[in-house]
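Labels for the chains are A, B and C, by order of writing; each one numbers its residues from 1.
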Amino acid sequence: MSSVTLKGVRKSYGSLEVIKGVDLEIESKAFVVFVGPSGCGKSTLLRMIAGLEHITAGELEIGGRQMNDVDPSKRGIAMVFQSYALYPHMTVRENMGFALRFAGVAKEQIARQVDEAARILALEPLLDRVPKELSGGQRQRVAIGRAIVRKPEVFLFDEPLSNLDAELRVHMRIEIARLHKELKTTMVYVTHDQVEAMTLADTIVVLRDGVIEQVGKPLELYEDPANLFVAGFIGSPKMNLMAGVVTASGNGTVTVELIHQGKARLALPLTGAAPAVGSAVTIGVRPEHFGPAGAGGAEMSLNIDVAEHLGATSYIYANTRSGEQIIIEHEQSRLQGDQESITVSIDPARAYLFDDKGQRLR
Amino acid sequence: MAQARLARREHLTGWAFIAPALILLGLFMIYPIIWSLWMSFQVGKGMNFSFGGLANIERLTKDPVFLRALGNTFTFFIIQVPIMITLALLFAVALNDSTLRFRGLFRTAIFLPCVTSLIAYSTIFKSMFATDGVVNQALMAVHIIGSPIGWFTDPFWAKVVIIIAITWRWTGYNMIFYLAALQNIDRSIYEAARIDGVPAWARFRYLTIPMLKPVILFTTVISTIGTLQLFDEVYNFTAGNGGPSDSTLTLSLYIYNLTFKFMPSFGYSATVSWVIVVLVAILSFIQFLIARDRRTS
Amino acid sequence: MNVAPMTAAATARPIARRTVAPGKAWALARRALVYLLLSIAAFVSVFPFVWMMIGATNSSADIIKGKASIGTALITNATTFFTQIDAIRIFWNSAVIAGVATVLTLVVSSLAGYGFEMFRSRVRERIFALLLLMLSIPFAAMMVPLFVMFAQARLVNTFAAVILPTVASIFIIFYFRQATKAFPSELRDAAKIDGLKEWQIFFYVYMPVMRSTYAAATIIVFMTNWNNYLWPLIILQTAENKTITLIISALTSAYTPDYGMILFGTVLATLPTLIIFFLLQRRFVEGMLGAVK
């Protein structure tokens, strides 16, 4: 199993640069997920690893070998595509053995490897069907099977679950996780769905505009985002971001006044350099981190706009007096039916502070 | 730079795929065209020719046969293309209705003429439109006409037969293009329009036509080219002379006659052929303009 | 395999069958009008075929009289036809010319259409635009230089001379490029990862996946070549090399054409295109569908 290393990798189409210098070390046997909004370059990056896009500048190594100029089929990778990209005119068996046929593998050997992959994915009954006769989930499994047959060092997944319905997606997600455990192969997985990223990854790479915003374990990103973008991107519903101004700082604390929240003040602990008094900052609070009124910290009273009851929890969409929307996760299953306002508190220990450039202040 | 090797290979592969076609086109199209352009400035008979400047163009303006052929070709184009396109569109829309019975049958039947062999259809038309042929007999039987029409002896009716024949043969062909395009249109657009109370004619006028515009433009241009190059039908229907008295002579037939029938005048016939090129270019351009105008208005 | 070309429409049928709102006489009248129009069109389209087949069984005199029933002269017509012309040879000529030209045209033009669509570059886009412009150049403008070229190469009166100029068809290149837009590029990516070279992708993946497109193109190209008239008329000069189209055309120009025999010949001459059409019909509309997006 191979590691994948990207050094200063860039990609441009003419004058348009879409990958702006990516350095990344993917360890052998890791499950790495590239996540980011559409157009962030995550798929391009994956396709560069696959050899489907040329690398404009920088270096790509797979298993310690420089791979910039190596043919896709000789990189020791296999790829699962969003549309599955199954050959429509071939049976499942032929689809899965196609690569081996062109690698000059003997027929019996191909049959053996196809059968083995089919067994792992429980595809045996489908081997003689053509893709048209399969359901979406089955096609997905065949696509994965086609990748397994080649015994790749690195698996590449390009949004493999986005064409499936919600239930199947969960099912396949679990199956992919199981597969990783079983095969112990390096996997690189692209998705725009942060739930997939959080549940599957050992390491998440958050990308935006062709630049890596943060690399880390799922919970690290969630608990300790490096910047506003990651803070806003990871977590659902999104972190609430509120504008503030520094009113005092020193002695390891900084006091921030929330501009739109009725001048609520919040004293946050800080170990690094403190921002100057008067500078603009952003305070981030996750919906689930609001405390009840009177729990200490800053208090805000909000007008309830809509409440969504999901059973175990409720999400309250509330507005501040100046109209900013705040999302609160409410542990009690239900609010009073006609309740129109709510008061919540912000625990300074669970609030995130970002400077005016969006960088996290710790 | 080693980095560029994959990119360069891809680039070369691109050329490799189109190379056979480009070589053949260069040899059998571009080279002859350039030659014919050069020839159009030459005067003389047979293989003895000399540079004549614009002499051939001058000759065009004074050549009554050429003007006749030009007029005929234009008449065919002006009348035949709109009729055919309209019919094809009409049939396509009718056949696109999924509640219609026997759709496949109708479609196949209307498309059939264009898979017939040229020779079958010209023979059939010739014998059907003979003075004592079925068409005259049928028309007389239902008392539309009192005496038989001389389809191939009357200059007017000879043109009519040609127009009927081309329309018969190519309407189904164009219809298939529209039918294919129509099936690509999302049905829910029409369902939405029906729910919005848009009447059928308005759905046709304001939904179908605009959405089919690229295909209509394409088929119109292709038909224009076809009609301006009209040769096969005329040659076969009139035993190669464009009669009666040149009333069905087309530019292509005239070029053929100039080259292979009379004492060959290569330079002059090349000039006549360039008249077609210019005409097609102008007409296609106008058709593009019309298509674009409608889009902006 | 098991694709019916009209499946999309066929499955849509039951849903749409609710139309014809109750009590709408106008809708019914319109519907009747549509059927009438289509029936007339279908009749007009098919009648000449029927007439041709009936004609092949009648004597020339009967045909001219407009006899519209099956006659007894079929055997006579056939005998005359086969004694007057070397039918086997002539059909062979037509078949070779149309067959070879169709295969070559499909390969060369689909390669180019695929190449233009899959490997974009500024220069190639310009060339493609130029080709589209050249679509408007009539064959008449090229036939004289072409004839002289082939004369110089001593290829007049050969099949090669008939076939070669038709092989790179701009129209078919354009058609394939349009159709290629519907070819999923992820298939090409998958094939690359599976270790196929570009030409292998073309032959092992593209061609089988696009077989409907090829079917539709086969009908169009075969039809064009089988019916090709002007160029063979010029370049084929001896009777034993001529195509069926040329030979029958010459028969009809006779002073007193024997229509019975000629119609028998036309039935034969029409068979190949008809057979190809009915064999590939199922894929035809599907193939056109991909090209007209």
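Criterion: contacts are C-beta pairs under 8 Å (C-beta built on N, C-alpha and C of every residue); 3 or more make two chains touch, one makes a residue touch a chain.
Model, not experiment: these values are computed from the prediction.
Peer 1: Which chain's mean C-alpha position is the greatest distance from subunit C's?
Peer 2: So the chain farthest away from subunit C turns out to be A.
Peer 1: Kindly work out which chain lies most centrally, taking the average of its C-alpha atoms as its position.
Peer 2: Taking the mean of C-alpha atoms per chain, the most central one is C.
Peer 1: So, what's the distance in Å between the C-alpha centres of subunit C and subunit B?
Peer 2: Centres of subunit B and subunit C (C-alpha means) sit 15 Å apart.
Peer 1: Nearest whole angstrom, what separates the Cα centre of subunit A from the Cα centre of subunit C?
Peer 2: 53
Peer 1: Please report how many Å separate the Cα centroid of subunit A from that of subunit B, as a whole number.
Peer 2: Distance between chain centres, rounded to whole Å: 57 Å.
Peer 1: Spell out, as numbers or ranges, the residues of subunit B touching 2 or more other chains.
Peer 2: 10
Peer 1: Residue numbers in subunit C touching 2 or more other chains?
Peer 2: none
Peer 1: Name the residues of subunit A that each touch 2 or more other chains.
Peer 2: Those would be 51.
Peer 1: Would you pull the subunit C residues touching subunit B in the complex into a rising list?
Peer 2: Touching subunit B: residues 6, 8-9, 12-13, 16-17, 19-20, 30, 34, 37-39, 41-42, 44-46, 48-49, 51-52, 55, 63-66, 68, 108-109, 111-112, 114-116, 118-121, 124, 127, 131, 133-147, 149, 164-165, 167-168, 170-171, 173, 198, 202, 219, 223, 226-227, 229-230, 233-234, 244-245, 248-249, 252-253, 259, 262-263, 266-267, 269-270, 272-274, 276-277, 281, 284-285, 288-289, 291-293 of subunit C.
Peer 1: Subunit C touches which residues of subunit A in the complex?
Peer 2: 47, 50-52, 71-74, 77-79, 81-83, 85-89, 98-99, 102-103, 130, 132, 146, 150
Peer 1: Quick check: in the complex, which residue numbers of subunit B touch subunit C?
Peer 2: Subunit B reaches subunit C through residues 10-11, 13-18, 20-22, 24-25, 27-33, 35-36, 39, 87, 90-91, 94-95, 97-100, 103-128, 130, 132-134, 137, 168, 171-172, 176-177, 179-181, 183-184, 187, 200, 215, 221-222, 225, 228-229, 231-232, 235-236, 239-240, 251-252, 255-256, 259-260, 266, 269-270, 272-274, 276-277, 280-281, 284.
Peer 1: Which residues of subunit C touch subunit A in the complex?
Peer 2: It is residues 1, 3, 184, 186-187, 189-196, 200, 205, 208-209, 211 of subunit C that touch subunit A.
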